[in-house]
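Each chain gets a letter, A, B, C and D, in the order it is written, and its residues are counted from 1.
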Amino acid sequence: MSKNDFTINRREALAGIATAALTAGSIVPASAQTQQPIRIGMGMAMTGGLAALGKSALLGMQIWKDDLNARGGLLGRKVEFVTYDDQSSPAVVPGIYSKLIDIDKVDLVVSGYATNQIAAAMPTIMQKKRLFMTLFGLAANDQFKYDRYFQMQPNGPDARMEFSRGYIETAMAMNPKPKTIALVGADAEFPNIALDGARENAKKAGLKIVYDKMYPPNTIDFGTIVRSIKATEAELVFVASYPPDSAGMVRAAREVGLKSRMFGGGMIGLQSAALKTQLGPLLNGVVGYDLYVPEPTLKFPGIEEFLKKYQAEAAKQGVDPLGFYIAPFAYAEMQVLEQAIVAVGSLDEAKLAQHIHKASFDTVAGTIKFQERGEWAEPRVLLVQYQGVTGNDVEQFKQTGRQVILHPPKYKSGDIKAPFGD
Amino acid sequence: MNMDHTTVTSGVTQTDKRRRRTTELMIAAAGILLSLLLIVVGRTYGDYFYVASYVVLQFVLLATAWNVLGGYSGYVNFGSAGFFAVGCYTTILLGKLFDAPLAVCVPAAGIVAGLIGLGTGYLSLRLRGVFFSIATLALAVMLQTLIVNWSYVGGARGVYVLRPDTSGPFDSYVQLLAIVMCLMATAAVIVAVVVERSWIGFGLAALRDDETAAEAAGVPSLRLKLIATTLSGFLMGVAGAPFPYYITYVDPASAFSLAIAINTIAMPLIGGTATWWGPVVGALLLGITQQVLTVTISSAANLLIVGVLLVIFVAVAPNGIVGLVRKFRESRR
Amino acid sequence: MSEFILSAKGITKRFGGFTALKGVDFEMAPGERVGLIGPNGSGKSTFVNCLAGALTPDEGSIVFRGDDITTLPSWKRARAGIARSFQIPRPFKGLTVRQNIEVPLLFIPRENAPKADEVDRILASIGLLEKADASPKSLSQVELRKLELGRALAAHPRLLIADEAMAGLSDGEVVEIVELLNRLNESGIAIIMIEHIMKAVLAFSERVIVIVAGEKIADGEPHEVMKHPEVERAYLGQ
Amino acid sequence: MYVTWDLMANAIVAGILLGGFYAAVAVGVTIAFGMLDIVNIAHPAVMMIGAFLAYLALNTFGIDPMITMVILAGVGLAIGPFLYRGYHALIEKRGDESLQGLAFFFGILFIVEIGLVMTFGVDYRALELSYLSKTFELGAVSIPARMLIPFVVAMIMCGLCYAYLFYTFTGRTILAVAQDVEAVRLIGADPQRSKSVAFSIAIATGLVAGVLLILIQPVEPSIGREFIGRAFAVCVLGGIASITGTVTAAMILGVAETLTASLIGPSWSPAISFGLLLLTLAFRPSGIFGR
C-alpha cells in the first residue's frame, strides 16, 4: 500500500505541475488601457514546409506595422504583433489561437498562411466571434459560412475554377483551336481542387481530356509521367503542382522534349524566387497562374515602394527576395484592417466586419471588395508566361516583360508565344 | 484460456492482484479529479487550457497505448500515426455515412484500429525486432496511400469536419473534447495497469526477454502478442477518434503526422517503458514542454528539444525516468 | 496406449536444400534416461528442437503420451509435459530469479494446484533460494544452468530435454548438474541428455543414441554403442 | 490505351536509373543495418547533410558536385570511426535491445533535420549545372543526364563496396562479423575495428547519396524522411546483408514504381513499393534473394 501511495502522489504532483506550467506567465492585466498598443495576434509558419511563404508574409505585415507606427499608429495607439510559430502543423493551431484570445487577450487576430492552418483556427475564432482576416485560404469558408471571415487570395467566389480559367480561355483563343488536353497534378489539396476546376473548364470549352492522372507528393522521377503525357499527343498540358514537383515537371518536360501548344497552368512555386532562379531559361514558354508580377498593367499605388522596402529587408533575413507572391497581399490585408478601423473608429469587431463587407479598399494589391463569404468579389488570378529568361539571375525577374500577363484581358501585358518546347 | 490463474499461489501474484485493484481505483479517482479540475481551472483560464490539456492528454493516451505493445512485449510499432489516423478517419466516415455522434465513433474507431492491430499481431508470427518495426512503418504508408486515393473521406484534398453544437452541461466543445480525452486517457492507463499486473503482462515480459524460452515455458506467445497488438491498436484508434473535431479540417498529412509518430515513441522511452507510469510521465513531461515551448520560444528549436531529450535519455538513462527513480530509491536504501 | 512416453517416426527436416535430419526414428519409455550424442552439426539440436516444438518436422510424426504432437507449437508441448533447457542459458533477464520460475508455474496448467511454497521448494532444490530476488544477470554460469533446469522443473514435465546443460562448466559443477538430473529422474521424469562430455553421458544414460549427418546410426546400451565401428569412426574421431 | 512499346521501354529505363539511385541510398543501410545490426534510421539525415554540403560547396566555393562527392566520401571514411566509437560507447556496449539504438537514431535524425533548417532554412535548394539538363537519345529512349550521372556514380560506388568487402582482408572480416562475431575473434581480427570501418563506409555512401539526390531534385531538410522507408524496403527485399541483392532489389523497386506510374497511375506507386515490402516481410522475411 505505502508503495502505491507514493506512485499516486507522484502522478497527482505531476498533474499539479501540468496545471502550473499551463497557466504560468499567463497573468495579463484584465483590460488594456487606451494608451497601450493595439495587439494583433497570429500563428505563422516559421518552420516546416510552409515557412518559406510564412516568413515572407510575416515580413510583409511587419513592414505595414513599421510604416503605420512611423505615421503615429492607429487610433492614436501603436500596433504590436504577437506571433507564434505554428511549425506548419495545423495540430498546434487551435492551441495558438486560444492562447492568443484567452491568455494573451490580443485585440485582433489574423490567420497564418495556408488553408489547413486557417481551417484549424476557425472553430476557436467562430466560438469567440472574432473578426478573422485570413491569408491564402482556399475556399476555407465554404463550409463554415462565417460572416466575419475575409480572405486575401484573389480567388474570387468560385476558387476552383479560377486557377484554370485564364489557361483555358487563352488556349481557346489560339488559332486553330486546340482539341485535346492532358491534366496532371500532385495528389494533394491544391492540385486536386485546381484539376477539378480545369476538368470542368475544359469540358465547357469542348476539349477532349486525353490524360488525367495524379502522382503522389515526393515523386522523384517525373520523366515517366511526362513521357506518358507525350505519348497522348495532347495539344494542351495543364499541370497543378507544389514547389518541388513544379520544378520536377518543368525539368522533365525539357528532358523528354515535350512539345505541346501550352504547358503549365496551376503550378505553385514558380512564383517564388527560389524556383525562378533554379529553372532560369527552362521556364521560357511555361505558363502559370500568378498573383502579382511587375508588369505595367499592375502598377497599384504604393506597391513599388513596398517591394523596395521588402526586397531590402528580405535580403537580410534570407526570405524570398522577390516577394511578389504573398507579401503584397499580407501588406494589403493589414491595410484593409487599418482602413476599416479608421472608418469605424473603434476595435468593435462586429462593426468592423460589417464595414469590410460593405466598403471597398485601396491597397498595394489593388482595389478590393469582399463578397458575402469573405472572398474577393472579383477574382484576379493572373495567367503569366515566362518569356526571354536568360541565365539564373534573380534581378531579371524584377523587370517587366519576363513574366507577361496573358489573362485576364483587363491586365494583359503581352501575347502568348506558342507552341511550348521549341 | 481454460485455466484459473488464481490457483497460482506464489506470493507475488496474489499481492499483485490486491495492489492492482487499489492502483486502478486511485488512477480512476485521479482521472475524475483531473476532469473536475479541468472544468474549474478552465472556467478561469479559458479555452486555451482545454486545448492544451487535450493535446497533452492525447499524448498520454497514445504513449500508454504504444507501451502496451512496445514496452511490455518489446515489439516496436513505428506506424502509430497509421493507427491514430485510422481512428480519425473512422470518425469521418461514420460522420459522413450516418452522422454518428462521438460516443459511437470512439468505440468504432477503436474496433477498426484494433482489427488492424490484430493483423499486425499475425505479422509478428514471422517478424521480430526491427523487421516488425519496418513492417508497421510499411503498413502506415499503405494506409496513407489508401486514404489518399479514397475520395469519399476527402482523399488527398482533405475534408472539413464541422463541430456539432455544444450541448448538455458543457460550456464549449473544446471543454467536452478535453474531458472526453481525459476520461479516455484515464481508462487507458487503467487498462495498462491491468495488463501489466496480470498474467498477460507477466507472459509478455517473459517473451520480451526471450520468445523461444517463453514458449518452452508454456507461454502462448502468439495469443499474448495478438492481445497486445489489438489492445494497443484499439487505444490508438480511440485516441484518433475525436481528432477531426479538434482540428476541423483533416487531410492525410495531418492525420498521419510525423509529430504523432515521433512523440508516441519518444514519450514512453523518455518516461520508461517497463511500467505503466513511465509513458504517463514521459507524455506529461514532453507534452507540456512542447505546449509551453510553442508559445514561448516559438521556433524550430522547440522541435530540436524533443530530439535532444530523446538522444540524451537513450544514451544516459536507457530505462527512462522510471529507471532513474528506481536507481535513486535503491541508492537511498 | 503404447508403452512409450514418446515415439518419433521418420523425422525429416530440411533447411532450403540442406537436409538436416533424414528419417530419424526414436522411442522412449517413461522415466528413461537417454543420452544423445553426435558431432557438431550432426543434427542433434535440430532433432531436439523438433521434439520440443521450436521447429516443425517436414516429414514424420511425433506421439507424446498417446497424443500426436507433430504440429503443435512449443508452448502446447510444454503444457503437454515436455520441458527443455537451452544450450546457451536463456533466462528472462528482465525478471527476477523467482519470477523466472513462476513463468511456467503460471502458464502450465496442472491437475492439482501447485502448493504455496512450490517456488521456494524448486529454488531450494536448485540451490538458488538465496538469490530469489536477484536478476539473472548477476548469476554465474553454473547458476544460470541451474535456473534453466529449475524453470524446466517448474513446468512439471514428464520429459526433460537437457541440451548441453553442462557445457563450459568445471568438473565439480558437472557433478552438481548430473546429481540434479538424477534427482529429477528419480521423481519419474524421463530425460534426454544431449552432451559432449562423454563421461557424463556414459555415467548418466541407460541408453545412448548417435546421430551423424542427420541419421541415427546407433541406438543401445552405452558401452555397446561406443564399440559400434561407425560411431568410433564418425564421432570419436578419425 | 496509350501504352506503347516506346513508353514501356522508357519506363523500364527510367526505372533502372531510379533504381540505381535507390541502390546508392540503400547500400549504406545494407552495410550498417544488414551487416552490423546498427539500425541507422538516421541514414537519410546523413544524406541531407551530403546534399546541403554539395549545395554549399557549389554556391560558396564553386566546387563541382562531382569533386564534392569524392571529398565527402573521404570525409565520411575519416569521421566514421569517431561516430561509431560514440555510438558504441553510448548504446552498443550496453548490449541493449535494438529499441534503444532505434530511438537514438530517431533523435539524431530529428536533430540533424532541425540543425539544417536552422542553418539553411526551409527553402528547396537545387544545383544549377548546365551538364545536368542534357538529355541523351538512344533510339526512342531518352536518358536525362540528371538521372544518368547518379546512376553511374551509384553503380561505381556499389561496385567499390562489393570489391572492398569481398577482395580485402578487412572487407572479409566485415562479412564475417555479419555472420558471427566470435568467428572473427578466432581468426585474429578485431571485430570492433571491422565494424568501425564498415560503419564509416556506410556514412560515406550516405553522404554521396545525398549529393546524388540534390543532382536529381531540389532538396529541403525534411525530405530525407521520405527515404527511410524506401531504403529499408530495398535492404529487406534484397536479403538484408547482400550488396548484389540490394542493387537488384533497388532496380526492381525503381522499375515497379515507373511501370505503375505509366500503366496504372502514379498515385499508386508508393502502395506498390510498400506493398511489395509488406508481402515480402510477411511471406519471405529473408528477402526475395535470401536463402
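The rule is short, and it goes like this: a contact is a pair of C-beta atoms (placed from the backbone, for glycine too) under 8 Å apart; a residue touches a chain by one contact, two chains touch by 3 or more.
Keep in mind that what you see is a predicted model, and the values were worked out from it rather than measured.
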Mutual neighbours - chains that touch chain B and chain D alike: A
Winner on C-beta contact pairs when A-B is weighed against A-D: A-B
Chain of greatest Cα-centre distance to chain D: C
Length of the line joining the C-alpha centres of chain A and chain D, rounded to whole Å: 36
Inter-chain centre distance, chain C versus chain D - centres from mean C-alpha coordinates, in Å: 46
Mean-CA-position distance for chain C and chain A (Å): 72
For chain C, residues that touch 2 or more chains besides their own: none
Chain A, residues touching no fewer than two other chains: 47, 187, 214, 216
Chain D, residues touching no fewer than two other chains: 114, 117, 267, 270
Interchain contacts, given as pairs of chains that touch: A-B, A-D, B-C, B-D
In the complex, chain A residues that touch chain D: 47-49, 51-52, 187, 210-211, 213-216, 218-221, 223-225, 227-228, 231-232, 243-244, 247-248, 251-252, 254-257, 269, 274-275, 277-278, 280, 282, 318, 392
Chain B residues touching chain A - in the complex, by the definition given at the top: 19, 22-23, 26-27, 30, 33-34, 37, 41, 45-53, 55-56, 145, 148-149, 155-158, 160, 162-163, 172-174, 246-249, 251, 253-254, 257, 259, 277, 280-281, 284-285, 288, 291-292, 294-296, 298-300, 302-303
Sites on chain B touched by chain C in the complex: 2-3, 5, 7-13, 199, 202-203, 205-206, 208-210, 212-222, 274
Residues of chain C defined as touching chain B within the complex: 52-54, 73-76, 78-79, 83-84, 86, 90-95, 98-99, 102-109, 113-116, 118-119, 151, 154-155
Touching residues on chain D, where the partner in the complex is chain B: 33, 39, 90-91, 94, 96-100, 102-104, 106-111, 114-115, 117-118, 225, 228-229, 232-233, 236, 267-268, 270-271, 274-275, 277-278, 281-282, 285
